[in-house]
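Take this structure, written in structure tokens, and hold onto it; I'll ask about it next.
Going by the order they are written in, the chains are A, B, C and D; count residues from 1 in each one.
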């Protein structure tokens, strides 16, 4: 016990680089009691909690300047439009300074990927073409491609993963070939935590004249991302996984590509001119944003970006490396726990999937919850991957800026107690 | 002046059935000052303001039980799921007691219509089939059908409107014929205010074995709607036009139809089982709701429904009849103002579109705003209709539960002042 | 919820989970049927040995959580010697009990009553239902001569 | 914003709006071009009479708001006698002025300066731009011999 405590205080002082104590004060939900215990929220890969500034932005919007956007000539409409469009500027800046026209707002990362598949995909993918994805994709970046391959008669090829949870690139030149039209892969796995060498894969794909979609749902919230430097063609993510409100997704795509893409949802806001037998489209990015947008949440995404910028994405990454290091160390001490994903913490994000050799992940998570510890259990929307790992489900602890080594300790204590409850009880 | 004042106090006492004064206290934005004047918000057809209970529900969600929904085994996830699903129950009840499985949540009414067109439409509409819509449709219920007709080679037929802003049904038996597969029309026009005889049209369509989609974006917020009694096949609306948050749309469709429809967005939540080459779908309605939903706003739509139920949709309709009667009366006194839409207030909702014979609607709206009066100007996402009316744009005042006859007076005064500014200045 | 947790993981359930009945596969079954709960990843195989219209024995091979294991164990225990009609009746009661609906309380369901605590945890209801759905599907298929595909608690 | 409103609808603008220059259609134009702003419903027709590489006269037939009318009137006034290069330079200045960007302040733009107040109202910028975009498109098309389609301030 003493050893652990020393470890803890040692790592805590490093954590304080990020002044987690101050950060926690900004998140009202962290005071929540769960079953008599203070909430230990370790389900950040599913969705993160929100700082007061984000909550306040929604309140101020509705109490101060709620109105429908665009073309509105009254004060409220102008204020709402300008606030919403400011978020677009901030989003464009956040991922490396792209053009505001290159940022399309959707409901979530899932819709962003589906927009690419339905619009770009159906137009450009033909029978005999090859679509390449990986074995570690979230259903959002898997099912749309399965369906597109079925519909078009294209081949769907998988980049395999190895024993340690890395992409196995040994055969990559036979996978990404001149037949390949699109490569779609996750920047960071939501199950294994693996951070993939996307720049390398993008460069190989481009040599083969294939475009690349990066699923950044787990990367943009947790590390600096510059889509220009990566040279990604499409990049998607969700606001709700990075302190922002639910209901906001982002699709970045290069302007030339967006210009070539047809909209898939038709209605108000996205048109230029409509006659009874004719319609043409508004300029970018409105062309892809039909109907009344999720205005309040778009407005409230800005303070989430501000919050992340204020801390600094480098520091956030550093904090997650530290807490994940500690988490892996402590979990490895439990001989009944098996951990998935890369051993080297520099190759992974703040996500630890594990199983207890005797307790089913559902029972385990339910038990952890009774101690106030929130983790996710199941297939994490990656059924084929979880099956590959040789299990039916895992438990997953995932960290963010407000998590502490203390909370890791509480997870570990609860795992030990679960053994007593289910196994040696 | 005296006459108007008497009128005012007379109608005010009738208004008090609805105790507008008390209602106004629940809407924090109504205290907002615009250019030195108290806000007179008459842009409710674009989006309505939100009561404190709706705003509070969002705050409580984020501060109390924010988590990703479904399959979550921890307390927060269960609370979030159950709150979101309670909204589904309330929505199902609100439109006449349909099954919860028949309520699909989308981003907005526009997405709801597009979902029907992309899924049901592409599967069921063939070359030579006929699609029937009306000349008074919002772009949301117009452009998707234009595109579908183009793609499939189906005919697109319009039910025309007459001089008074009613649908002209004299030729309807030649329009809705056995060739017709779908009839899509608005329950209430967002430009003319016209309330269409949808039950009659649905019955005629059904006799021809055509299905009917009703665009209820302007009706559900303003009058009692029972989709079962109407016998609608599809019915769509937006939460943000009925006190609810932005980012929530509803698609009601009969269960048999939904069961036959394929999803159009693929990813998490909407699947049952996924393998590397195979996917099948979750049960209704999740099949159509891929990815993380707009949880907070779905949760906060419930208090909006509660609020409307508490007042009673009958009373809301009554209030709007009264204020629209007064508005029409007062505007008709201004000989430079031309009003569009039915004369009989019982055939119209609380929407008054008008033009000044000398002042362009953009100048006019901008001027009204300088007096604190918010109306919308332009084509109201119904370009072909506005063109039919023989104008390039209109100004539109639209009312809701918190509007008063006093506010109508302020509109009228501001219209007179605009004349002095632009015409006799 | 520590108490709610104990409500769900009652002693009876934990005992069935640790020492599941019907765990050893029947070797010459009259009916064999797989069941899946893709959302959980749970998979079971049910085998039934019939004695005319009565169930002689049931084996439940289950790779699932405590709840699905315990529920399968209770199934094996209670179904032994029951007629098909009785088994269907019990399956109906289990469903009602798990979903918090009304059911015939006069019918003796033995240990199964302990599953009641599960209805506080909606996500877990499917776990408890899997073996029952699979068994009823198996019997129906046998009776109607339908093709046997895997049962699922989704859909 | 009552002041902001007066900032936009300055006396000069209101005067151009009430008495627009170049309102009478040129009968034998060298260039004719339509412009549309579908979002507003505004439509204009511009006609140009050239004198070698100079613009002799411009007529602007406009069914639009005060801002687009006044802007068109200013266009007709200032362009008379200017070379194509000069007209393009002025159009560039108008665009910069309306979008709040930097421009060459040494160049004399006369009444046009009064359009500056419009940049406080982003939705109205398109109104003020319509005639200028249409004129520049018309000249470009004439010079390159391209087909003339309607100009628009969208896209």
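Everything that follows uses one rule, which is that a contact is a pair of C-beta atoms (placed from the backbone, for glycine too) under 8 Å apart; a residue touches a chain by one contact, two chains touch by 3 or more.
Everything numeric in this text was worked out from a predicted model, so none of it was measured.
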A-C or A-D - the one linked by more C-beta pairs in contact: A-C
Farthest chain relative to subunit A (centres taken as mean CA coordinates): D
Computed distance of Cα centres, subunit C from subunit B, in Å: 47
Computed distance of Cα centres, subunit C from subunit A, in Å: 38
Whole-Å gap separating subunit C and subunit D, where each centre is the average of the chain's CA atoms: 78
Of all residues in subunit C, the ones touching two or more other chains: 1, 38-39, 121, 123-124
Subunit A residues counted as touching two or more neighbouring chains: 34-35, 71-73, 75, 273-274, 362, 366, 369, 378, 383, 387
Touch list for subunit D against partner subunit A, complex: 1, 36, 38-39, 121-124, 152, 154-155
Contact footprint of subunit D on subunit B as seen in their complex: 34-36, 359-363, 366-367, 369-370, 378-379, 383, 386-387, 391-393, 421-422, 425
Parts of subunit A lying in touch with subunit B, wherever the complex brings them together: 28-29, 32, 34-35, 39, 41, 43, 46-47, 49-50, 54-55, 58-59, 62-68, 71-77, 107-111, 113-114, 118, 135, 138-144, 146-147, 156, 158, 238, 240, 245-247, 249, 264-269, 271, 273-279, 290-297, 362, 365-366, 368-369, 373-378, 381, 383-384, 387
Complex contacts: residues of subunit A adjacent to subunit D: 71-73, 75, 78, 81-82, 272-274, 282-283
Partner subunit A, residues of subunit C touching it in the complex: 1-2, 4-5, 8-9, 14, 17, 38-43, 63-67, 121, 123-124, 127
